[in-house]
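Structure in structure tokens, see below.
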Amino acid sequence: MKTTEINVLEEVNLDNPIFIEALPGMGHVGKLAADHIIDEFDATKFAEIHSPTFPPQVIVKEEGIIENMFNELYYLKDVGEDNLDLIILVGNTQSLSPEGQYFVCQEILDFVSEYDISRIFTLGGMATSPQPVENPTVFGAATNEANAELLKEAGVELRSNDGGIVGASGLFLGLGLRRGIHGSCLMGETPGYFIDAESAEALLIKLSQLLNFEINTEKLDERAEETRQMIAKAQQMEQDLINKSNAGNADDLRYIG
Amino acid sequence: MKTTEINVLEEVNLDNPIFIEALPGMGHVGKLAADHIIDEFDATKFAEIHSPTFPPQVIVKEEGIIENMFNELYYLKDVGEDNLDLIILVGNTQSLSPEGQYFVCQEILDFVSEYDISRIFTLGGMATSPQPVENPTVFGAATNEANAELLKEAGVELRSNDGGIVGASGLFLGLGLRRGIHGSCLMGETPGYFIDAESAEALLIKLSQLLNFEINTEKLDERAEETRQMIAKAQQMEQDLINKSNAGNADDLRYIG
Amino acid sequence: MKTTEINVLEEVNLDNPIFIEALPGMGHVGKLAADHIIDEFDATKFAEIHSPTFPPQVIVKEEGIIENMFNELYYLKDVGEDNLDLIILVGNTQSLSPEGQYFVCQEILDFVSEYDISRIFTLGGMATSPQPVENPTVFGAATNEANAELLKEAGVELRSNDGGIVGASGLFLGLGLRRGIHGSCLMGETPGYFIDAESAEALLIKLSQLLNFEINTEKLDERAEETRQMIAKAQQMEQDLINKSNAGNADDLRYIG
Amino acid sequence: MKTTEINVLEEVNLDNPIFIEALPGMGHVGKLAADHIIDEFDATKFAEIHSPTFPPQVIVKEEGIIENMFNELYYLKDVGEDNLDLIILVGNTQSLSPEGQYFVCQEILDFVSEYDISRIFTLGGMATSPQPVENPTVFGAATNEANAELLKEAGVELRSNDGGIVGASGLFLGLGLRRGIHGSCLMGETPGYFIDAESAEALLIKLSQLLNFEINTEKLDERAEETRQMIAKAQQMEQDLINKSNAGNADDLRYIG
């Protein structure tokens, strides 16, 4: 197995698509937003990506069925007023090692560059405080002033001299910049320790403004409601875990050899 | 030295064997069960596996004799009512690094795939509580519904939306799934911090049902008795270690340059 | 992407240049000093360096514009009384992994060796106490007695049997030594936890003596004044971070996926 | 730079030499013993070894002169009653990464195997208690019963079912065993946190019995005396470090960029 395996499921012609990265991260904000676009617009999966730099595990889903760690690429045609084509990168993981991050992002960018991508958006979350906020802000950064200006016009709050953007959301912009493809990062404000549908909705609204499409966020609203109910539960579970770890070793509790 | 060295000790013809993985992990449950099958059915070792991704050490066994870190493959022919052939992977370690886990599992799977394996079982432990339980449950997960159904019929409790299966027990199923070989994971409930013969016996009973063979678990019963006596001793040793580590640095106590 | 990418921006002829390394480290002392030389003498950038061993992230600069992690090489001709040519290595990062450090330093040294470098200076900081000091000492070490003697003559305090010099500042000297290129390390005394312009100025004065050039440190003085004001602020921020991390998990606060 | 660079300084003919490994580890017991043999018998260095898996740093020695991280090989001819030839591996470091340990040991073993080595001794320390002991025991382990028997005859206390031997002292035996070269590990009992000349002397006496040579340990006695005086000083320094680290971050105190 090489560093990255990209299995192409469908050959597709796209017209200068916009590349959107939304791998899991802080509060799963970007992933939730992108998954919602994929569901609402019925996007088509055209490539699956595996890598030995992903965590060495599988995930147990419903009814005991296991799932591999993966990234995958979806496409959409003629989205919104501007008839934009989109390539969306989602998945259940990012590379574990720093060098793995570089290699996998580089190889995915090589692959999507063949479709003559015109711009990059990376979607993520940003933790500002451990307490859930009422109206999550959407923060942004860009590879050049033109893109930063577009963010400002959409009411995205530009970060400034403000640390790093770590992982795929940072690397795709940086690696794109080095080959002359510009783009932006959108980051929904989130406490980060639960799956944050409200932050994802805030981010999605900004993205739809920037790309000039309309999207029904009703189901995200539903998820947001569920999420609110989950918070109390999650806080309870966290407390349980802490209690357990005082009795044994919490790190190992779910390790299976 | 490449990533994985597989030294074949015997050329063997097997009839669509079932591949059973049982490397050390939580409570050594899978390893104990597989070692017992190897002993009871007098399985034949046919390959030894070494890797620079294993921990950089040797183990001191009885009478000061050292042993390398290794994995090894045994085979059995015509087991049980269904005359099944088995390949069993055991050893004293797993890879230390995440990428090592992928590479070694991939290369072992490449090797055993040449024998046209029909199915994969991975055996492990699952920690549910730090206290030893009376009648350990056997948990399971599978790569598809057909295998999940077989687990349910055997009284294995399916996990659901329930975190990951980390290490070789997860990866062999995931990597198998990607090449169309299906399988299941059996996990004996265990506190995880001692070698758990009772959990191994519970797991072995389910495996023998699933593969339709009979196995005498008397010696495992003996080991379970020994284990019960070891628990008190182990807890004492753990306490001693904690006491020692307050005086010095327990992490380093056994390091030898 | 290979381990190191060196993009040459300008072909240049240099006369046995001195190679100066000043990547970020303790108190950013070396980096500040080198950046000041580059500004004051208007050095020319002639190569950019990227590596997958750098941290997998980008940095958000002013007005939300992102910047890649990079190293870069500047040159200067006819500096000071001795008309020295200089190659200066600066950047915003060092390699994250130990092996990455070796590979990147080796490849940069291979590259600059083509210019027949005559000597190496590596610039860094050295933490002696957590409190800021009034007149920071400049410590030094060298690859041979001749260079150590020059340091002593310039009033640099030689370290002796005194631990290691970790990272690029150590490796360039060690790797140079192995191929017969000698050199020295200059380390400005610094508490290390803020950008220390006073220590950089002390270091710069020693370097200018050693290389026999004059440099206006007025702007560094200004920065030193700013830095003094920043200390109080930084200490406040650190306190805030500690407070935050008691409420949540500070490690994750700036992680963005 | 490849994983390991072995620079041969002298072509030498040796008669089935014994290979002795004594890289730094617990209490520097093995290294002290081997350095003493090299000094007393005036051994000749014939190869230098560097690796990017060593720590990415240099060491500051006397008068501010820096030294690379290295391993090196010495040879001795016609030692003791049995006119044994010896190859001795010493140095100031071991590989930092687990895989680096395997690769470097493998490549060194490949190299010394060309001299038809007959046996391997690895020398190290073993921590049994944090307090210095009066008459340090020498513990041992071996690759087979014949060698274990020799250890017992020399009054070396065999370890049994007793954890691992981590690092070069374990790996050389394990890798040797895999290619049919047998050997033993000698481990001097030591608290491990200071350079332990008394433990080194105990180890050296056992090694001289096993290899049938006489060695003057007077200078080691001197060093042992110095060491005893150093203990009090070291304990004071440790206390100072703890105090310092409460004020700042002790981990970073010696980091230099």
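We just call them A, B, C and D in the order they show up, numbering each chain from 1.
Please note the rule applied: a residue touches a chain if its C-beta (ideal position, glycine included) is under 8 Å from a C-beta of that chain, and two chains touch if they have at least 3 such contacts.
Predicted model, so just to flag it, every value in this text is computed and none were measured.
Chains that count as touching both chain C and chain D, per the definition above, do not exist in this structure.
As for how the two copies chain A and chain B face one another, under half of their interface residue numbers coincide. Averaging Cα atoms per chain gives one point for each, and the point farthest from that of chain D is the centre of A. For the pair chain B and chain D, the distance between C-alpha centroids works out to 35 Å. If you average the CA atoms of chain A and of chain D, the two centres end up 50 Å from each other. Across the assembly, chain A contributes no residue that touches 2 or more other chains. A ring topology is adopted by the chain contact network, closed into one cycle in which each chain touches exactly two others. The set of touching chain pairs reads A-B, A-C, B-D, C-D, using the touch definition from the header. Here chain C touches chain A in the complex through residues 1, 50, 52-69, 96-97, 100, 244, 247-249, 252-257, going by the rule given at the top. On the side of chain C, the complex with chain D involves touching residues 23-26, 28-31, 94-95, 98-99, 101-103, 105-106, 124-127, 129-130, 140-145, 148, 151, 158-171, 173-174, 177-178, 185, 187, 191-193.
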